[in-house]
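Would you mind keeping the following structure in view while I ask a few things?
Think of it as A, B, C, D and E in the order they're written, each chain with its own count starting at 1.
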Amino acid sequence: ACSQQKEEQEVEKENATENKQIRMASWSQPITEQTNILADEETKFFKNEGFDLEFIPGAGGGDAIKNILANNADIAFTDAGSYFNALNQGEDLVAIYNIYPQNVFNVVTKEDSGIERPEDLKGKTIGVYSLASGTRENLLILLHEAGLTEDDVTIVETGLLNFAPLMQGQVDATAATDTGLHIGKQKGLDDYKVFEVKDYLNFSSDLFVVTREYYEENEALLKDFLRAYRSSAEWMMENPQEAAQLAKTYAIDGQDIEQNEAIIDIRNRSSQQSKAEHPLGYIDLEEMQHAIDVYEQLGLIENKIEIEQYVTNDLLP
Amino acid sequence: MLQLQKVSYAYETERILSDLTTTFRERTVYSILGKSGCGKTTLLKLASGLLTPTNGHIMYDKQSLRHPDASFSYMFQNPNLLPWQTVLQNVCMPFVIRHRKDAMLEKRALHLLSQMGIGALAERYPDELSGGQRSRVALCRALMTNPRVLFLDEPFSALDVMTKEQLQDDLVALVQEREMTVIFITHDIEEAIIIADEIRVMEAGRFIYEEQNPLREQIVRRDTEQALSYKRLLRSVLEGAYA
Amino acid sequence: MRKYMFHFAFFILLIWLWHRASLSMSELVLPSPLVVGSVFVDGWTSGYFWPHVSRTLREIVYGLSIGTVFGLGLGIMMGESRMMRQFLQPYIIMSQAVPKLALAPLFILWFGFGMTSKVVITALVCFFPILENTLRAMHQVKREQIELFKMMQASRFQILMRLKIPNGIPHIMSGFRVSVILAVVGAVVGEFIGANEGLGALIIASQGTMNTPLMFAVLINLTLLGMMLYGLVHMIETYGLRRYLRRE
Amino acid sequence: MRKYMFHFAFFILLIWLWHRASLSMSELVLPSPLVVGSVFVDGWTSGYFWPHVSRTLREIVYGLSIGTVFGLGLGIMMGESRMMRQFLQPYIIMSQAVPKLALAPLFILWFGFGMTSKVVITALVCFFPILENTLRAMHQVKREQIELFKMMQASRFQILMRLKIPNGIPHIMSGFRVSVILAVVGAVVGEFIGANEGLGALIIASQGTMNTPLMFAVLINLTLLGMMLYGLVHMIETYGLRRYLRRE
Amino acid sequence: MLQLQKVSYAYETERILSDLTTTFRERTVYSILGKSGCGKTTLLKLASGLLTPTNGHIMYDKQSLRHPDASFSYMFQNPNLLPWQTVLQNVCMPFVIRHRKDAMLEKRALHLLSQMGIGALAERYPDELSGGQRSRVALCRALMTNPRVLFLDEPFSALDVMTKEQLQDDLVALVQEREMTVIFITHDIEEAIIIADEIRVMEAGRFIYEEQNPLREQIVRRDTEQALSYKRLLRSVLEGAYA
């Protein structure tokens, strides 16, 4: 009887592994920097683990989290800020993988702006993509680290084309991301100076996040998923050119292969851990706790959160 | 057959009819004469069930009349054609509505139109017709359904003498053949005499004259002394109303 | 002929002005028409645009169809019944005043992230002008025409189909013309919410890579799509509905 | 009276259904009406909403005014002149089919960060239904009425002001009703782009902090704003324009 | 004064008038009789400048007529009132348009309305009037401007005998007082004789009869032998046209 039960379990597991549906809600559309997920038809990292991966697009990290909360998706590819905000609202979420351990945000000024240090931003006009975006949050972090507050500067929303006002002198500085800066350079931004936020406060940019409920019920499946993801990330690190090629087919913005390569290269770098001893995907608890404390000090969130309760590295392969 | 019992009617403020009691009998043609604005059209709409009396009752075959009966047909004072339908479509409309459109229908409609001298205009739209042509289309539409009671509100007023006389004759023949009741509003005393079995003169919402018609068309059109004197009589009734 | 020359000359002038403006401005903000033109041509010759255009077009067609059915249906119901009008109005105003963009996860929850949610948004955005114009058109019938139909023993439904609607067609069509264009906007907004394909998705993607020339090329596609659909409606009107424009 | 009871009962039912649905869902996706209600009440009693509502309302009023002037003006011009119609149509369709959200940087560039850019977007969004309905209304005059005015030596302008516009008022007002609601949407979309005040900005802010109850409270404000404006138009129609609804 | 020179007119396909040449002289009243649909309204609209001939010319005071002249006034076959204006506003409209609205205007309008028996309806809207009341409002509007040429398209066809006769008399008096030219379409032979200096009968776009009127109202209304025989003559002309 005992062996029969075991057999049944085996069969169940077989079935489960055969068509494991998993829905991933992203903060974005299928874009080049995510080619490792998008091109699974070719690369088969998820296929080989038995996954049928569905990509659910979104417009911002908040969408990704809301989509897992609404059960539109199982796993969220979201930014740390949105994750913190959701925890602050009392959601019980678990971060299970550090997609980009590096802070990808920066603040860019013109070379001749006379701004040498973040402290010099005092009194200046600074552009952000949107008041609801990570550019604003990370700008505040940078200012905080420099001893400034929101009131010391004028923040304006400039939309996604945030380098244009900088180039035309409407703002003194603009908050952006690393890939954004790269594209800005391509589009004619020169004589610029960058303050990388990671030099002041480095913490994860994007995470895989699931609800606690899903986490508890699908530990094994999530392990498989993360294994597949890590393989795909490693593949992209090792084969940036191939990935850039595939992006043309699989990413909505992948028409320019040269640009794809550059973007993928940047993302590959932000996927790397700062400390060599940490494996890919590892979430540094101390770093996260520090980050969320800064969020709280900045008034971005109201509640003190013990991040330990919401983060696990147990599922890492 | 059609009885108005103490019928009153008022448009918002103005009272048009008060306590009118009268009967329209079967197989009879009534001509209604009266000053412009005295309430003829209002009466016709009440009697046909288009308007609901503010007071009193209207009985049709012993039943209270609440809506226009299927056996009624009404020609409005202005032609009231549907601008997006051709003449033929307008004329066939009552059958389309009653789901009784058959193969013969168009033929019959065309025949009726020809009889009225507008057979060639069947495919025209109303805005391509002259005033008198439009009113004839409306008349055709009213006649198509073989009604038991036919309400006509000045059907011939836009027509020339010749056409009018021909249509008067056609109407008389039709009425005799089909044994309809006709309630016919007109301003033309001669026309009233030619067509009616009974002549009524209206004033301020009442009938001040209701009599059998002593003459008929043959006599009237020849302007006999008889006819002239009866016309004079009716005129004086109308004049009395006017005074 | 001379007229078309003038239109064409004006168009060229506008393009030239655009070109001039673009010279003094970063390509990020306002790319030159030459650049945009070449991206547009490339996009079509390489087949890059086609799946997106086709997707958006399908969303528009489905959304507009549904929106038209609901706009007409509710417009008729609300036009016929004062009670319905009072009852539904707050909900309809709500459906219009609430920006669809804000409700993305709910739309995905209810309609999935595929085409359905975009079709629903398109329908939601475009049904209102049809509704409003239909509703008002129902009241534009002459009293005596109603009386005529009552005399003909027409049912309420027949009065609707044979009188009120034909009589209201010019009015209703004004709403439809507005709706056709709103359907284009609706589909694109629906795609903003989160889509992998479609012109709206392409706009978001082009913004993400600061590819303003691509964005402008997409906007040109949208304009052409709008003009095409509007022209189609115009054709329907001139060839199919001309008789309803006649006045007695 | 009984009717209102029914409406009210249905409203309560909807709220209850919303409440039920919210129980099984995260507050981030669909907060309970109780929570939203309390945020709404707090927002008003604390005075938090007022500057935002007032700002958005001003944008709507200005935008709608400008949109109405342009909609009427262009509608009249295009209705009067076939040449104008053919000439302007592509540009007008372009102005409608292009999502304003995509042009944010250009609007900011041209009209600054302040209220102007929002007013312009509102006007752009809401002028089209008025234009389209006015344009069509111009053609709905009976031939003999025009003849009457020609006989009276009426100038083209007089025919417009004394015949075509009064005759077209029911038609034009349908467009205006749509525009009023679109103006609300337009102002909010304008505020999505770069505003630190206004209900649209509040929506963005609430999304940034994932404060969904606040967002829903803002959406309720928008609905109320829309209903208020719509009711105002209704009043104008019933008290000021009733005579224009008469048919001979 | 008003000359039609080889005037042709066609609606899309159908030719209504061809090569019509005729003159309307100053201070003369013309009655036009003719079968329904023969082209009377079309002629009136051409002569008044509302329609432009497809061929030929229309001369007014030796000038080519391209638009309705300011000295014209026209009453349409259907009342053609503006539904959103009260009776009084409708009647005053020609002055509003010509920016000549003065204090006396409303008084004059009210006087004219009373003369026609509808003084009490000045504040009503057209949809609150009877058919005959509407046509009288339209007539008032046409008479308000003291025209030099007055075009009337069946002005009295919706009126009862008494009202009609009174208005006919009023019109005759007015015309004599103001020395207007009147072109008057009617289907009523008697009316034609009562009003006209010259009577014309139209058939298929031509005048088949154009003669001075030998009689005038006093004689006609009394149904003298003279009157009866002239009526018979006109009838036979019309009948000829009809055959």
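One rule holds in what follows: contacts are C-beta pairs under 8 Å (C-beta built on N, C-alpha and C of every residue); 3 or more make two chains touch, one makes a residue touch a chain.
Quantities reported herein were computed from a predicted structural model and do not represent experimental measurements.
Common neighbours of chain D and chain E, by the contact definition above: there are none. Under the contact definition, chain C and chain E share the contacting chains B, D.
Interface comparison, A-C versus B-C: the higher number of contacting C-beta pairs is recorded for A-C. Centre-to-centre separation between chain A and chain E, using Cα means, comes to 86 Å.
Separating the centre of chain A from that of chain D, both taken as means of CA atoms, is a distance of 38 Å.
The mean-CA centres of chain C and chain D are about 16 angstrom from one another, to the nearest whole unit.
If you average the CA atoms of chain B and of chain E, the two centres end up 27 Å from each other.
Multi-chain contact residues of chain B, defined as those touching 2 or more other chains: 78, 127. Among the residues of chain A, those touching two or more other chains are numbered 66, 69-70, 159-161, 164, 168.
Along chain D, residues 29-30, 105, 109, 142-143, 207, 247-248 each make contact with two or more other chains. Under the touch rule stated earlier, the contacting chain pairs are A-C, A-D, B-C, B-E, C-D, D-E.
The touching residues of chain E, counted against chain B in their complex, run 11, 33-37, 40-41, 77-78, 117-118, 128-133, 136, 153-154, 157-164, 187-189, 223, 228, 235, 238-239, 241-242.
On chain E, the positions that touch chain D within their shared complex are 45, 48-50, 67-68, 70, 72-74, 76, 78-85, 93-94, 96-98, 125-127. Those residues of chain D lying in contact with chain E across their complex are 142, 144-145, 147-154, 158, 162-163, 166-167, 169, 243-244, 246-248.
Residues of chain C that touch chain D in their complex: 3, 6-7, 10, 25, 28-30, 83, 86-87, 89-90, 93-94, 96-99, 101-102, 105-106, 109, 128-129, 132-133, 135-137, 139-143, 170-171, 173-175, 177-178, 181-182, 184-185, 188-189, 192, 200, 203, 207, 215, 219, 222-223, 225-227, 230, 245, 247-248.
Taken together, the chain A residues at the contact with chain D in this complex read 60, 62, 65-66, 69-70, 82, 85-86, 88-91, 130-133, 136, 156-161, 164-165, 168, 170, 300-301.
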